[in-house]
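The following blocks contain the structures, represented as C-alpha cells.
Shared chain: chain A. Partners: chain B in the first complex, chain C in the second.
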Partner chain A sequence: MPSKKLENFSRRNPELAPLVQKLMDYIHWLLGQKITKLIPRVAAAQLGISEADTLGLLSLFQDAGIVEPRYDLVCKQTGSVLGSYHSLDEIPDKIECNVCGKEHDADDLRVDLVFEIAQGRAANAAA
Partner chain B sequence: MDKKIRADVEKVLANASIASIRSWLKSKGKKLSANTRDRMLDRVTKLIDKGDVTFAELQDAIIGIEEAGGKYIRLFDFKENRTPAEVTAALGKMGIAIQAKRGPAKRNPAKPSVDYAILQGNILRVKWSETHKEPSMDFQADRIIYTPVTKIIVLIANLKSKQVQIRFDRPEKFNPHSIVPGAKDAYFGHYQGQAEATLGGVKFSKSELQNALKHLVEDQPSLVRLHRDGHKNKRNSTFNSTAGHGADIRQDEDFQAMLAKGGKTWAYEEHSFYWRPDMSKGTLEREVFSHVDALDSSLRVDADCWDAEVDYAVQKIRELQ
Partner chain C sequence: MPPHKRKPTPKDDFFEHGRQLLQDAENSTNPKFAKLRAKAAKRYFDAHVKGGARISTGLALGVGLPVILLLAGICIYAAIKLSPTVVWFVLIACVAFTLIIMLMLLALTGLMGDSLVAKVMLGIFDKLIAAYSKGKPDAR
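Up next is the complex of A and B:
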C-alpha cells in the first residue's frame, strides 16, 4: 500500500486496515475493468458495511488523492447518468435526456454522489 | 335500516375505498363481499346497527386509512438522546399542544396546520394537513382550473430506538412551500424540518435499507412475493426485472442464474413486492403491496391500505435493516 496516508491510517487503526485494503482492492479491480467511477452504495455492498461507513473510508481515500467526488445527474425514469459535475453549483436546472428524448427538470432528476478514481494515484497505491 | 346511521356512515366513509374497509372488517372477523359503494354502506350500517362494530371504531379506522393509504413514507434515524419531557417542551415552543387521541385531518386548510400531536411513552405521533393545487385544463373555456386537494403528513418517531417515519401524501404541482420545478423537495423538506424541530432540533439521516432489501430477496421462507427487482452489480451496471402478473421474479430461471452468479456483490436499490399474509402470523388479511427505494430510503404503499398493514410493512423493514 504505497500511499503514505493510507499506510499511516491503517497502522493507527489496525481494526480498519482490512477494510482499507478491501476498498483498495475493489478500486484496483474497477480500474482493471476500465471503470473509472466508484458508487458508494455499490462499494458498501462489496465491503459488507454501511454506506455511511463507506463514505467515511472514501473521505480518507479522497485525502490520499485516490478518488475525487463528483455529482452525477441521473434520469429517474431510466437510471441513466446524463452528466457528471465537480460541484452542485454546476448542475443545470434543466437538461435534455438522450435516453427519454424529453427535457427534464428537478422533479425528473436525481443527483448521486459518486467518486472518480484518480487513475495514476490509484494504480500506484494499489501496486 | 336506520337512515340516520346510514347517513353518518356515508359521511365518515366519503373518502375510504371499498378494499381498505374490506381489509379492516376482515381483521375484525367480519366479511364484506360488496363491490359497490352503496352495498358497502348498507353492510357497515347493518354491522353498526347490530352492535358488531361501533361507530367510534369505524371513525378510528377511517383515521387509520387516511394516515396510511397511498402514502410515500420516508425512513430516518437520529443520534441525539431525547426524553419525552424534552419533546413536550419542543412542541410547546412550536405552539403545539399534546392531545389524548388522534383525530381526522382538516379538509383544505387555508395554511399548513397541525391536526394533533400525541406522545405515548416513547412514541411521538404528529399529523399535519395542508392544501395543494392540482392544475388541469378546461379546453372549452381555454383556461387552467386549480383544484384544491388536501394533503396529510404524519410523523411517527420512536425516542428510544431513534427511528422515524414520515408519511407523505403525493404532492401536487403547486404546494404552499413552492411552485417552481423541484416543488416536491420543498414540500418534503418543510416537513422533515418540522419533524426535526418537534424532536427538539435533532438531525435526521436517511435510514439505510439495502440490507433489508437483501434479506427480503434472499431469505427463505420469504416474507414477500417479489414482483420487481432493481440492483446494481459491482461493475455499476443497473438491472431491473419485473415478474409477470401474480408471479415471483425469483422463480424465473434467468433471475436465478444472475443471482447465483453475482448476487453476493449486488447493491440492492429498489424493489416492489407483496407482503405475504401466510407469513404475517395473522396480521395481514391479504397481500399488501410495497415499493421500497433504498436510494431515498422510502417506502410506497397502495391507496387502499390501512394502518395495521403499513405498520407491519415498516416494522418488518426495520427488523431486517
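Up next is the complex of A and C:
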C-alpha cells in the first residue's frame, strides 16, 4: 500500500486495516474493468459494511488523492446521468433532459454522490 | 395570505441522506468509524450539515461571547460608578442588546429559522408596547 496516508492510518488503526485494503483492492478491480466511477452503495455491499462506513473510508481515500467526489444529477425516469458536478452549489434546480426531452425539476431529479477514481494515483497505490 | 413555501430542489433528498449519515455517526459504536462518518457527512453533505448556516458555530461563539462579556462588564461598571436610575437604564439596554445578538447569532448559525427569529422579536416588541401602554395614564 504505497499511499503514505493510508499506510499511516492502517498502522494507527489495525482493526480497520483489512477494510482499507479491501476497498483498495476493489478500486483496483474497478480500474481493471475500465470503470472509473465508484458508487458508495455498491462498494459498501462489496465490503460488507454500511454505506455510512464506506463513505467514511472514502473520505480517507480522498485525502490520499485516490478518489474525487462528484455529484451526479440523475433523471429519475430513465436513470440517466444528466450532469456531473464538483460541488453541490453547482447543481441546477432545473435541467433540460436530453433523454426524455423534457425540462425536469426537483420531482424528476435526484442527486447521487459518486467517486471518480484518480487512475494514476489509484494504480500506484494498489501496486 | 398563505406563507411563502420554498420550492424543493433536487438536493433536498440528498441532504436527507446526509442527515441520516450524521445520525449514524452519532450512534456508531466504533469511535474511529464515528469520526470518519462525521467527517464524510460534513465533507459530502456540506450544505445539509450547515442547515442554512451562514457562519460557523465557532465563529458565532467567538463573536458573541466577547460581546456579551463586554455588555456584562458595562453593567457592572454602571452599577459601581453610576446612579441607580442610570444603572436600570443601562441594564435594560444591555439585556435587550444581548437578546438581539443571541437571536441573530442563532439565526446565522442555522440553529433557529429566520422566521422564528422574526416571530420572537415581534413578540418581544409587542410585549414591550403593551407594557408601555399599560404604564401610561389613560388619555381620556
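Please note the rule applied: the second predicted complex is superposed on the first by the 127 of 127 C-alpha atoms of A that agree within 3 Å, B and C clash if a C-alpha of one lies under 4 Å from a C-alpha of the other, contacts with A are read in each partner's own complex, and residues count from 1 in each chain.
Rule of thumb we're sticking to: a residue touches a chain if its C-beta (ideal position, glycine included) is under 8 Å from a C-beta of that chain, and two chains touch if they have at least 3 such contacts.
Values in this document were obtained by computation on a predicted structure and should not be read as measured data.
Legend: residue contacts after superposition of the two complexes on their common chain; A:R110 is shown touching both chain B and chain C.
When the two structures are aligned on the shared chain, A:I91 is found in touch with chain C, with no touch to chain B.
Look at A:L73: by the touch rule set out above, it reaches chain C but stays clear of chain B.
Touch criterion met: A:Q33 reaches chain B, while chain C stays clear of it. In the superposition on chain A, A:A52 contacts both chain B and chain C. Using the contact criterion defined above for the overlaid structures, shared-chain residue A:V99 touches neither chain B nor chain C, since it reaches no partner. By the touch criterion stated above, A:L16 is placed in contact with chain C alone, chain B being left untouched. In the superposed model, A:R41 lies in contact with chain B only, and not with chain C. Across the two superposed structures, the residue set of chain A contacted by chain B and also by chain C is 50, 52, 93, 105-107, 110.
Taken in their complex, chain A has these residues touching chain C: 13, 15-16, 50, 52-53, 55-60, 62, 69, 71, 73, 88-89, 91, 93, 105-107, 109-111, 113.
Residue ranges on chain C touching chain A, taken from their complex, read 7-14, 20-21, 24-25, 30, 32-33, 35-37, 39-41, 43-44, 46-47.
Of all the residues in chain B, the ones that touch chain A in their complex are 181-185, 205, 208, 210, 232-236, 238, 240, 265-269, 294-296.
Contact residues on chain A toward chain B in their complex (touch as defined above): 26, 29-30, 33, 35, 37, 39, 41-42, 44-46, 50-52, 79, 93-94, 105-107, 110, 112.
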